[in-house]
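Next up: the structures, one after another.
Heads up, the next two complexes both have chain A, just with different partners, chain B and then chain C.
Showing the complex of A and B:
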């Protein structure tokens, strides 16, 4: 009797374990298809030969070529757009960093009235539809003479990156143990060395994560750029959008999508590595 | 080195009085422990001395200097934290501070010449037997080693006052005993005035020159470890430090130096060291180890029924029913006593303590 009960329960845990593995495999597969398939399709579409259109029921394009890539680089402003994108993004990240750091410090380490409300306000730019923000901001920018200017573009991108930066940094600041700050103060650390030796290094993971978010947001930003920047300034996404909609050309859009996406993905992997080494160091010791 | 004086120190947090008019004097080189349950105000007192809190009333003085408005950075105290609070990072680009960097931090902040820094850090490493670990990261050390690094970091700055905030609570029992001996030895060798906060009575008894027992923001009793243990003045002290049998008794009369009492569990002859009016009611206590099986001579003889007999290795812990009153007693570990036995006990006349 007892023996039977025992086998039933072990069988139960065994099947449950198998079920978990099966479920995990299923979701990993779904993720791979979900994320991997579109990327694979994009790559293939960007390599379609102009003389051999890829159509149903073909599984793969009949012939591959770099003709679409040559076309994009020859007949669009992609090079200038890349220059604009990759100079606006770092500048807006830098600006967001200097604006977010003191804000996040105050939110993470100080007590004041209305803190909760402020935290929600900070998120508004990413909660509101981008086109809505863009429409109203363009009115403000025009009256300040910032529309169609490079600095205006940087400011607009900073606005979109700031919420991520502030939220992530606030969490990092909150996570610093008060004891460590007290210990530094107790050992004679000045405000400057407290920032340099304690705060900045300890919020480093958050800082990197926030910067990546802000950077990718800027690279992919369309609404604000379209309304405030074009036609004076074009970025990679505005060129991408020009191949969508009424003038829909899938092959060229695929090329530009890849140009936009690949550097972002590489950067994400790089930062992930740096962050991992931070966490693995178990830097706080046994707490 | 400094003398520390607290004068009527009061600290409130949103109308909750954490420390209530505490006055205390700590001599140069003395090791004083603030002992009490959590929420008694001991840590608040310590942090006020360090300067992390500003007193609401009263004064903190190092020697004759009033420190109330001196920021922690300028106080030249050094604190050891329960969490060790070692610095994990060096700067943004090279994110790992090793043992050496941690110990040298305070010296760097004081802008000492690097020769002097080297000399002092090596010395501190030697004192805490951390040689060879300079290049390790805090995360690669055991808890005991981390706490030793924290100690080294504290003493290397040659502070006027060393502050300890439950530094051993995160260590396991064996290590706790070992490190507390090390702390005591180091403090005596360097002669630095030390304030130590703990809720562990054994630790306090083992390590201190003097113990300050605190409860609800006030000082209950100040005295050396023996005094605190053997002569507790309040029922809180008697109950918090060690085990105590606490009871009420009425004075019946006198017999030479001895006072005759009527206690709930029988008549007692006790030596109180002074006289009280006949008929007065007193709160009294005695330690379980004062009540042991009758050996034929002296003391008060009581007969009781054993409720529980717990073998502790070095002794037998007894719960005894004496005339309907529960008492704790002790017997040697060789004693053959079991629950249900009727046993005669003796309590010496001089072991009773009057509580306020």
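Showing the complex of A and C:
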């Protein structure tokens, strides 16, 4: 009797293990196609030789070349757009960091009335529909001379990155044990050394995560840039949009799509360790 | 939390962050509302009027846009959760191959929305690989029209592809808070896999499901870029109609009315979510 039971349970675990492997293989296979295929197709499209068009019913392009890449870099505004994108992003991240730091400190470590309300207000840029904000903020910007200006663009991108920065930093400040601060105070730590030796080191992972989110938000920001920045300033997303609109050129769009996503994916793998602790869900899990 | 009483100075700390957000978002909402009533008008005279509201509320085309965007919002959030939930459930506990799977799944999170749109457009276009494969397998006779289709399936597909990892992250954190004891107890009492799913996983993950549903709805309802490249020729999404009304036709007052409609819908849906969340968590969340 006991023996039978034993066999049944081991059999049960064995089937479960097989089932698990089957499931894992299924999910990985589905995801490889789901994520990999669209990217692979884009890579192929970006390498199509201009003299040998890739059309139905060919399964693969006849001849591959880098001609489309050269064309995009030579004859479109991509280089200028890249410069704009990658100078707006760090500036807006920096500004968002300085604006977020005191706010996140108060939200994470102090008790006060209306805290929940403030936590929700912080999410406004994410909750509010982007195009409405873009269109009517552009009217405000126009009256202050900020529309079509570089500084206005930085302000707009800062606005979109702030919610991530504040929420993630707030979660990090909350996580610092009070004991550590009390101990430091008992040992006579000054405010300065408390900031330098406790707060900054302990919020560093969160800070990095917040910066990554704010940075990627800025790189892919479209609505505000499109309304407030173009035509004076073009970023990579607005250029891509122009290639997807009236003059749809698949090969050029492929090149620009790859230019936009490759740095982002590289960054994803660079910060994998941070993402694993799920800062995004911890900070956005509640409205 | 610090024990000493905090005074007025704490609120000063909030000014840089919260103040910045409230100033910019608040002023844009203020302008949207006032301009929908004809105040702060750029063109013509500024005068209080409800004409724009009357004109738009009776407008069949605007109604079509609102309905289309609502449809996109609901379908995108339902679709994304449907795809993300099984994955989140599977990734709940560690195991061989899961680290690889988790990184693989997250890739679209870091692919900008417009790029995602383009990637999927390549696949679902008339002679795209999806149609080719379906025709080759004799599943369909003629290629399907999935891009710029009348219903908007192309848009839903793009939204789902892009947002599965985002929803997955939120769902994962609410699933992680479910304790194994609960599941073991249920299993000991004879609960099957389906019962465990229906009675434990889904109810306990409900707060996460609701948050992701609301965030997805807002994203898809107010979408401009994806609908404009992959959506149907008619109707345009409400955000697309609003932008065209403002920028192409220079009818800012009418665009403002559409803006207020978008904001109000977003608020109503968010409020419904809050009520639902209260109901589900018994008022604790």
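Assume the second predicted complex is superposed on the first by the 268 of 287 C-alpha atoms of A that agree within 3 Å, B and C clash if a C-alpha of one lies under 4 Å from a C-alpha of the other, contacts with A are read in each partner's own complex, and residues count from 1 in each chain.
One rule holds in what follows: contacts are C-beta pairs under 8 Å (C-beta built on N, C-alpha and C of every residue); 3 or more make two chains touch, one makes a residue touch a chain.
In this text, all values refer to a predicted model and were calculated from it rather than measured experimentally.
Of the two partner chains placed by superposition, only chain B is touched by A:204; chain C is not.
Judged by the touch definition given at the top, the superposed model places A:34 against chain C, while chain B stays out of reach.
Touch criterion met: A:132 reaches chain C, while chain B stays clear of it. In the superposed model, more residues of chain A are touched by C than by the other of chain B and chain C. Shared-chain residue A:270: touches no atom of chain B or chain C. Contact with chain C, but none with chain B, is seen for A:100 once the two complexes are overlaid on the shared chain. Using the contact criterion defined above for the overlaid structures, shared-chain residue A:189 touches chain B, although it does not reach chain C.
On chain A, the surface touched by chain B in one complex and the surface touched by chain C in the other have residues 278, 281-282, 284-287 in common.
By the touch rule above, chain B contacts chain A in their complex via residues 50, 52, 71-75, 77-79, 81-92, 95-96, 105-106, 109-110, 137-139, 141-143, 146, 153, 157, 170.
Across the complex, chain C is touched by residues 20-21, 23-25, 27-28, 31-32, 34-35, 37-39, 41-42, 45, 55-57, 98-107, 109-112, 118, 121-122, 124-133, 135-137, 139-140, 155, 158-159, 162-163, 166, 178, 216, 219-220, 222-223, 227, 237, 240-241, 244-245, 250, 253-254, 257, 260-261, 264-265, 267-269, 272, 275-276, 278, 280-282, 284-287 of chain A.
Chain C meets chain A in the complex at residues 1-2, 6, 10-11, 13-18, 20-22, 24-25, 27-29, 31-32, 35, 40, 42, 87, 90, 95-98, 100-115, 117-123, 127, 129, 132, 161, 166, 169-170, 172-174, 207-208, 211, 214-215, 218, 221-222, 224-225, 228-229, 239, 242-243, 246-247, 252, 255-256, 259, 262-263, 266, 270, 273-274, 285.
By the touch rule above, chain A contacts chain B in their complex via residues 177, 179-180, 182-190, 193, 196-198, 200-202, 204, 207, 278, 281-287.
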